[in-house]
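Each of the two complexes below includes chain A, the first together with chain B, the second together with chain C.
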Partner chain A sequence: MDVIVCVKQIPDPETPAAAFKVDEAAMQVLPAQGISPVISPFDAQAVEAALRIKDASGDGTVNIISLGPDSARDAIKHSLAMGADEGYHLKDDAFEGGDAWTIALALSKAIQHLGVPDVLIFGRQAADWDQGTVGSIVAELLDLPSATVLRAVELSGDSITVSRVVADGFENIELSTPCVLTISNEFGDPRYPQLRQIMQAARKQVTELTAADLGLDASEVGSAGSRIQMHALFQPTSDVEVEIIEGDSPEEKAAGLVNALREAKIL
Partner chain B sequence: MTESAESKRKTSATSTGKRVSALAIPAWLPLGGILLVSGAETVRVTGAHRELFFNIDHFWVLYMLLPFVIGIIVYGLVRRSRVWRLGKPSFNFDNMPQRLARVLKGGAGTERVLSDPYSGVMHLCIMTSMIVLFLVTALLAIDDYIPVDILVGPRYLGYSLVADIFGLVGIVGVAMAIAHRWVRPRTAWLPTWEDWLILGGLGMLLVTGFIVEGLRIHTSEIDVHPEWSYWSPVGYVVALMFSGVRISAALDIHTTFWWIHMVGALSWITLLGYSKLNHLVLAPANAFLKRTSAPGKLDMIENIEEQEHFGVSQLEHFTMKQIFELDVCVRCGRCTDNCPADIAGQPLSPMHIIQDLKSYATSVGEQKVANLVQGNDLNFGLDDEAPMVGGVVRDESLWACRTCGACVEACPVFIEHVPTIVDMRRSLVMEEARMPDTVQGTLETLERQGHPWRGTPYTRESWMEGFEDQVPEWTGEQDYLYFVGCTGAFVDRAQEITRSVVSLLREADVSFGVIKGMESCNGDPARRLGHEYLYQILAEGLIELFNETGVNDEQKTVITHCPHCFNTFLNEYPDMGAKFQVIHHTQLLEQLVDEGRLVPSADVPEQTITYHDSCYLGRHNDIFEAPRRILEQVPNVTLIEMPRNREQGLCCGAGGGNMWMEEQGKSRVNEVRVEEAVATGAEAACTACPFCIQMFDSGIGTVQLDVEDEDKLKVLDVAELLQAAAVSERQADA
Partner chain C sequence: MASILVFGESDDAGLTAPTLEMLGAASRLSGDLGGGVALALIGTALADAASAAGPAGADTVYTADSESFASYQTDSYLPVAQGIVEQDSPSVVLMSQSSMGRDLAPRLATRLGTAAIMDSLGLEVDGDRVKATRSCYGGNARQVVTVQTDPQVITVRPKSQDPLEADDARSPDVIAVDVAEPTLRARTTGKEQAESEGIRLEDAEIVVSGGRGLGGPEAFADLESLAGVLTAAVGSSRAACDLGWYPPSQQVGLTGTVVSPTLYVAIAISGASQHMAGCGGSKNIVAINKDPDAPIFSFSRFGIVDDYKKVLPALEAAFAEALD
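Then we have the complex of A and B:
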């Protein structure tokens, strides 16, 4: 069974809050010193899901597509080290400043360019902007059935049975292929690459594709094609004030607490 | 070792000499005894002697058997050596004087065996008895071959006395060894057929020897020369026991026992080639082969990108020395008795790892040898065997190792368990990518963020906040670089200690600086966790930073905050091209106190303190006294020791990457150690390692759960206590 996984490189979500900075004027996140960008954790889980599908079906390929700057190659290489077969890097200045729509458009063109596989997998959302829309937009653009936020994926003959995470439990669905899946963190940890695979991945060629290669005009993608406009980017501040309720007995303290909560209009 | 590394080791050599036991000498005393007695011809004993091969015909059969016996022994050892030679060649003959001294002291002198009183005495009894009785027998033979009679008169009687005494000493030793296996049960103890065959055989030889002697005295000496018999006291007593037996019957019994004794002796000695009795030969050889570099150093995998395999997953991936030393193990169990994981009831026994690998080397190793001989593939017919890593040695045992080196320190036959364990971890991590989630998380954080503290809310500069102007930036001009390290920067409790060290360095006007924000992990956790490749990447990165900033210079010294950084810089970075000198903060602080640049005069509260040795400062690098001397200089401090201290210090539980793992087992190592510290009655425990501090803090939380906060054991770094006593108010306020 052939699978394509779309992955995104993001600033390390483990970056400590103190090292996280934004340039409010340029409306950009500043890279933290000494902390390299990483593959979005949900996307690493998507790669894991794809590798398990390939293993279970016994044949097929797992190919990786990523759209992003030069450094996005590292996210592709990481996926290759985990065991994926080929990597495709959508790299073009024209892609810069895009939104979920333009990225989904470019990805869907790339998928058509490579040939629509049996299964298309995404992380449930990129762990930087957390919009969680690209997978669903691609499904719409390619007119494929989709299931999102999955905790389990199982092959049953030519169809696929999945389990979605929903607010009050799980929802099991059967899909025909080809289809689009997005993987949630409940799926489980991605594998740690073996050193030999890291070294092989380092030597592997990643194919670069531009907007023109995909038959896209510069006006359709990047900031030119964006449907979302950003108006401001800032780090919210949260102030915590601590008030100690004094009192001689627990009863007195409790009464004081109730009064304080009433004053704050919480009770 | 390069010259610069050599000189660096000297900088850290504030070591105490190992305790040398003089007990090993008595093995050589009996010869002196013979000479002494022979000089004192005071008794009427002229002509005293005995007849060799008394009452024995066909004694030449013995001489016929001798070449066979030697052949059988040599065959056993040579056959076994084919399994050793499956490994990679690894002969290193550096530092010959140290190696030879170790053979004499540790091999022939059995220095480490003697460190345990009971088994030390037991072993000494058996060993001296065997040496003396061998010499006695040899002397008798020599006396027979040469034309002059040496063993006559008083010389003979002295000789006879010495032989009797040491026969008795041997019986005592064997009895102690047998009792040991019942009376003194040990966690690691597993006697097998070997133990009973060796001990039973030796006991039988000693007893039959006395029976033969007693019968000879009864039949030929006691009636004629009773005054001679007194010089064979044990034989004399045996002779009295036989006094009712008719002489002709006694002569028959004598012949029977003589042959049992002689054939038994020759059979028993063949065990040398086939059982753990081979430690007579192999243990001194292993004393020679043991590395001479610092015990905490791990070997580098050269050209790692071109290797066919990473670490050890097959027997033949080990070095010859690693396979050889499996056979040296005598199952004494001292490694396991001293292993922090085993003490805490966790799934690791170094002795069982060595023994299980030894069995594997016997079954699978010999099959591999046969495959080689027959020209088959090395692994022919071995598909159904359990894998060595994960089957014979379980993953959880490998992960439970703290690399603290207590096993290596305790081993009387110089086995090095830690490199063997780490080699198998390397295979787990790099070859199979099979590891606990916590290890994976730590390695990923090291890869991505250059430190092991996943989820820390801090940055490398957080510890300086509100303190920046007190911390001089490294310019390349100062004498010392203060390398804060990851824990000193990313863990809040350790940040306080980092600030204490800076205050002390400023108080003493030390010329130092800090590379702000640009430090990265030196790779120690990755290396100990088995990810040698990640270690090399991190180390290359840091060396590059040190080159760019002028740190990597023989004139510059790096002060490390953490003993683990210290060990890696001092012992392992020379392999990566490091030239700088290394000093641990406690060493430098001790020097500063010594030179009067820090004066611990302030009136700190009266307190009793116990010092906990960090493994990587103490056992691995011999720095036991510097931190203690600082504590002794602080007014009102009384220093007391835990029972396990210095070379025998118990790990806090964090070493070998266990700082970032979940512990499995009955209890936690840090709780065991905290209980030991609390039991001393000390008010505070002092240490010099940021990991130990954290392990103590968390251990106190559970061990002293019900104790009021102010009565709980306090945990301090040596630097914090010194700061309280030696940093002036002016600076402390600033």
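Then we have the complex of A and C:
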């Protein structure tokens, strides 16, 4: 079974809040000193899901597409080191400043360029903008069935069975192929590449594709083609002043807290 | 034609709380945009929910009532949702950031030739656009965005908007929508209810929540015991859920449930941004953590700096005595 996974390189979401800084005028997040960007964690789980489908089906390929600047290559290399077969990097100045729509448009063109596989997998959302729409937009553009926010994916004959995370539990859904899936954090840990695999992946060719290669005009992508416009980016502030309840023993502290809650009429 | 079309949801108890909140927001926004508020309901046995929509703020209600809509499925809901938008031609479409909304909104927007803003926290009218404030970078940042194409599709975070006072004098026009049998390429084969019993996280007045600092799954039994005394729901950080210590359905945070109780008791939770994205709307946060520099304290009204293992039994006894 052939699978394509779309991945994104992002600022490390585990960056401590104290090191997270925004340039409000440029409406950009400033790179944190000494903290390297990473593949979006949900996307690494998407690669894991794809590799398991390939293993279960016994044949086929797992190919990776990423749209972004030079650093996107690292997300592709990470996926190759995990065990994916080929990488494609959508790289063009024209893509800069794009929204979910323009990114999904370029990805869908690239997927058609490579041939629509049996399964297309995305992370549930990129852990930078947290929109969670690219997978669904690609599904709509390619007119494919989709299931989003999944904790489990299984191959059953020619179809795919998934478990979707919903508010009060899980839904089991069966999809015909080709289809689009998005993977949630409940899926579990992705495999971590070994040194030997990282070395092998480093030697693998990554194919670069431009907007023109995909038949896209510069006016259709990047900020020019975007449907969502950003007006401000800032860091929220907390105006709460904490009162630490002191005491010589845990019992005193506990009693102090209960008293404080009563006096504040919270209890 | 309405200025704002709300895709609502209903359950056995009628319109869901997020639906009432969206109708409240729509009424407020429509005052500035001009035009009315419409509610679209896709589901089964919708009569009661439809009649409650008028008092909650809807001028028009579209119902797509069919057994085939008993549970949400992209393939079945998408064509009927598209039909309702085309019939109503609103300038703004609102949905909840629910299991349905997060799946349906981007596909519907794409089919309509527009785009969706997800998980908005604040909405305000600017000319003919609705400016949405939303959380990004795992709760570390906020952005203000608009959809430049029409209709403007926006999903709304539960509890971020206020419902209207119900006005029983209002009765809306109810329009039953023709329902065609869709071709299904995906079908629901079963449903598993979450294991957790007791009070639902999103409904609870008090939430007791535990994180990675608990050190293991067995500590959640102590949290459940404390929750019993407080008539509270039990939540968990993503780290603790990902470690398998507690069911994913109880996860509070950006990728879990968003709660805003009167009292949120965070036990051995560091206060990562993605967790605060799920509980930052609580009226009062109390933190118990042995690390005095844990970020959670900067969001808390009261704090205890100590090992939770020592504090918890004393706290349960103190609460039990106080509430007796």
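Going forward, the second predicted complex is superposed on the first by the 241 of 267 C-alpha atoms of A that agree within 3 Å, B and C clash if a C-alpha of one lies under 4 Å from a C-alpha of the other, contacts with A are read in each partner's own complex, and residues count from 1 in each chain.
Following the convention adopted for this analysis, a contact is a pair of C-beta atoms (placed from the backbone, for glycine too) under 8 Å apart; a residue touches a chain by one contact, two chains touch by 3 or more.
Here the structure is a predicted model, which is why all the values come from computation and not from measurement.
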Touching partner for A:S36 - first (chain B), second (chain C), both, neither: first
First (chain B), second (chain C), both or neither touched by A:A17: both
First (chain B), second (chain C), both or neither touched by A:V165: second
Partner chain in contact with A:Q194 - chain B first, chain C second, else both or neither: first
Chain B or chain C, by number of chain A residues touched: C
Doubly contacted chain A residues - partners chain C and chain B: 15, 17, 189
Residue numbers on chain C that touch chain A, as the complex places them: 71, 73-75, 98-99, 102-103, 105-107, 109-111, 114-119, 131, 134-149, 185-194, 238, 241-242, 248-249, 254-255, 257, 262-263, 272-274, 283-287, 292, 295, 297-306, 310-311, 313-315, 317-319, 322-323
Residue numbers on chain A that touch chain C, as the complex places them: 11, 13, 15, 17, 20, 22, 27, 29, 99-101, 104, 124-125, 127-133, 136-137, 139-141, 144-149, 151, 161, 163-176, 179, 184-186, 188-189, 226-236, 238, 240, 242-245, 249-251, 253-255, 257-258, 260-262, 264, 266-267
Chain A-facing residues of chain B, complex: 305, 310, 429-433, 435, 437, 440, 443-445, 448-450, 454-460, 462, 517-518, 520, 533
Parts of chain A lying in touch with chain B, wherever the complex brings them together: 12, 14-19, 33-36, 38, 189, 191-196, 198-199
